């Protein structure tokens, strides 16, 4: 599915936690080529190595070390980018992403700001890449209408881990009606400096501001379809989906665990064995299309009772797949299981990149 | 409620984790006096300070340091004990506790072995101390019938934290029908050496063998009443209680957190405000009777959204009370909230001791 | 040694980490009475419970919850204080403490700003309380000369743990000439929010800015005497003391561990047995005078090879004493050992308070 | 340097922590081919996947999953092995390794048992691979004399990290006379289950049994030369090397940090700048010979003051290199610095493998 020529990409928020991850993933990408780095005005004008407080276990890629950081304006090197990835903080992401879209740039954003926009797709690439089809309508609403500029968002990290197995189950067994989920989320989900060590060493915190609302709302947009006219999302309206989430922060570096219980519309519900089979068989469209950052296997189902564990399993498929374990009957709903997803990979930058690869494969960009 | 004279007590499994906690708590008790220490034959014959690998932050009490450990047989100093506390491992507790009962000793046990015995009460002192009334019937069934010997158990540590707020809610609003719970349990719950550090540093483990079954079963025995003839437990039979539990181990030293969601029989269900009021107002019988180890306040409800936290809140009421926070509506069931209980205090030794204090207050022992 | 009447005290930086510790310790003090709380202008005017993000395991003392916080100016309630404790951040402590001294207030400071002032004593109360005698000379240098106002500082937390056993050894065996020390310092030493969890979970950091210089310099001022005229410190000049320090941050909540090796002037040097005896026998002047916050025992020497450990031993003497273990010959210098001191107690607020108690006992304040 | 044909290798202790690491490293080796797996009689006869409790973040290599584990006897598949790697526990390694040598097998061992044998080389491959030349003499002493069997050991994990920079410094500046070292060692150094989590969470332990003696003794054997006749080691005898070590266990998964201070024989000693230059320039013989598991760069010297850190730097050169940072003058000795080495890679299995690769390159095995 590779394009004929490499595609220049820009990264907004390049010095932040998500930006650093974008740089690592894109520095070895088969056809995306890092061309522009954007950060705050304080960093602008400096070579990347001077501007960043690098916090990754791998060193800064050589091709990026001396690249001059620029401000997050749709100017300069950004004008030559076929794709712009955004890892901006929410307090600035909204306006900057709008400005980039208005400048006819294709923006793939990790930020939450535009997720609830009724014409911006919220895409978990292993679940609902087809929502990309709303892009022409999004472009048509701008004034003047846009030809190449648009915004695509991906989901909150804890939502992402949840909806992948839910999508696999709905694909096999029809609608899910109820989801109860308690998350155990890694500290890297809060960025840097993020969670003070005094708050989390020998501790868990039973609250992450805004997180539960995101999970409860985003799941419906992602798992629902498009309206018949392709101009709106139907938010799982035919079979309303009720999600109840409780979110904990735990002293884990990377990898969000989730305790999930679901009720299906179908009676009788599938058995645990059926569920395991369906999860293992699930293949998403970016996998079929050969998107290079998509996992070989979307969902790995563990047989051992004490798995998945963040430290042992978060790097499954370079963090691009999702782990499931402990599939069993729920005495209250139908089926319960545990999910583990790498919040800094499939839960963040990796999903943005697969979304962009999918857009290339579909001819929406890069042509 | 103090008895006229101090009561000699023995401790079985005195060198283990729970045994060490018994020693700390009993060394300053107003009327229980440590008189006999039992451990494995390897430890027997040695002064306690030599036999134990002490792992508490407070030093070994002076009164116990040189006390000679004996084997766990109902002989010697144990014969003079009005109460015997058992912190034995499950692989030996069953038979030893039976032997002590047969020798007319009153056994208060933390071990799981006899919890499912139909005539052994399973008592969380802040919940169902009245189950103690089955003791005469338990004694009558032995051959020959016993006059003073009996066994009382207390619950699994994660069950204990759960049933205290549930009892408060049932007391105020009538039967609960459904409970969904996901636990985040401290490493001290596994004893010593317990959880290897390689398994839990930068990690959580989504499985604790047998724990979910204990929670799901024990809750019914504890929250249910006695049969009319006082010779059996009714296990919440009038309004069957369905509990679904998922248990995680987390890198926390002490304090089990639980994410709980409940559905009441009553329609409409109580509001979150009603629930908070009821939890704060709850007073258990050992508190009313002035049992010295009972908490002043049974349940502390936090207003801050990010509480309770293990490190900050586990020592509430010297670990004898239960913390609740984040009381709010559940989109799926009725009400959800977070519980924190100190697993090594109210979840273990403290409950045994309050049970014994209650038995003293009721004239069942020590007279 | 109690004064005839309670002494009102004020706390500067009352909402910070050290300030919270001052409040906990002083709320139960036998003769110091919390009278004024100072914090930033943002907090001023609010009741303490609203102004503070309380991070202690014990709740806010009732007597302080509703006390109105004021700005850190020597006005209002501070004017009535016999002692003012400062837990201010270094970026503001310098000027504020000078203003309080100029207003004839007795300031006992944890901050580093005035430690190197040649007429401000740097006092570790278990080591060199006699340095307090420079206060009249300090007062005489101000313009106009002061009658009651002065500044006394206590040492950096890692310095404090080090110099207590060194003082005991010098007291028994004469001058020490060389000290090699590597520290393993708790995260609470950095205050709140302090160390990001992403920097310290599954990690150690081999650097704490400015810390090594503090240890290497402060040790000489503390362990040295006063000049003959009482108007200067001699900084261990007779037998110059060379200290080499390397400082690590480790994922421990409270308690700084230190690996120490020393060389004595005396040849042959004392044996490890001599050293243990001397450490155990050491009694400081605040202990002899009955200062209520001084430890019963200054130094506890462990016999077990794997002690002291932060989690098990940091609360020795309510954190007011110092732990030593692993005393043995050093193949390079003379003797090596491990120190553990509670950085938030003896390493910070507790030392300030003992210093003030000592000043009361000596009649320097409160009369 | 590759041999003409792949070389079959066996792994003793294949189910243990070090054994698992051997399997991961050797499963992708360019010319070593895993041929035999040995473990306890309890595991023997079972496929590896059933026998092992796999604890690595990467899955069990496919080529090994179904391989049948055999007992650790020089029989069966082991007879066909050109190299046998031993990750055995010390309580059994001694005799088993002797039996394998006697059976004419070349044993490369991580175990401590034969490190002090006067004719067994103790080789850190980045330091003293030339000690391999004692092998013919070792063989000649056996009865009957051996043709192919021998034992080579590699060093303790904390020794390894220390001696690599020391070797670089001696190579550039001549003999070192004094080393002071305090280590902060990862929990993986203790194997599995190893350190109980209750002992190390929110804690450090100032003692690792036998570790200090190993460092203090092994450094001399490794850094010293061979006697003139090639039949003995001279243990740095010309310029005796005095090492003083203190060892801490810290809550880090992988990567031993060391605070090191050294004194050179040369007066004046080299400057910090000289030291940095020499460390960066150091090249060991296995690197020159192109041993495939040797690092590209032996020592990486960090400029940032807060590096090296275990979590960020332990995977430098796939764990085969050594990190150094904070090079500066020592007020007591000459130069001090911090070392970080990956204890499970260069500190264990990787060193064994490079040693064997070197032996292949030298024609000692595989011909």
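Order of writing sets the labels: A, B, C and D. Residues in every chain begin at 1.
The definition used in the following text is that contacts are C-beta pairs under 8 Å (C-beta built on N, C-alpha and C of every residue); 3 or more make two chains touch, one makes a residue touch a chain.
Being a predicted model, the structure only gives us computed values, none of them experimental.
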Counting only C-alpha atoms to place each centre, which chain is farthest from chain A?
-> C
Determine the centre-to-centre distance between chain A and chain B, using the mean Cα coordinates as centres, and give it in whole Å.
-> 43
Cα centre of chain A to Cα centre of chain C, whole Å, reads 49
How many angstrom lie between the CA centroids of chain A and chain D, rounded to a whole number?
-> 41
Overlap residues in chain A, where contacts from two or more other chains coincide = 55, 199, 201-202, 251, 253, 311-312
Classify the chain contact graph as line, ring, star, complete or other.
-> complete
Which part of chain D faces chain B closely enough to touch in the complex?
-> 55, 187-188, 192-202, 251, 253
Residue ranges of chain C touching chain B (in the complex, touch as defined) = 55-58, 201-202, 253, 311-313, 315
Along chain A, where are the residues that touch chain B in the complex?
-> 178-180, 182, 184, 199, 201-207, 209, 216, 242-244, 246, 248, 250-253, 257, 259, 261, 305-312, 325-326, 330-333, 336, 338
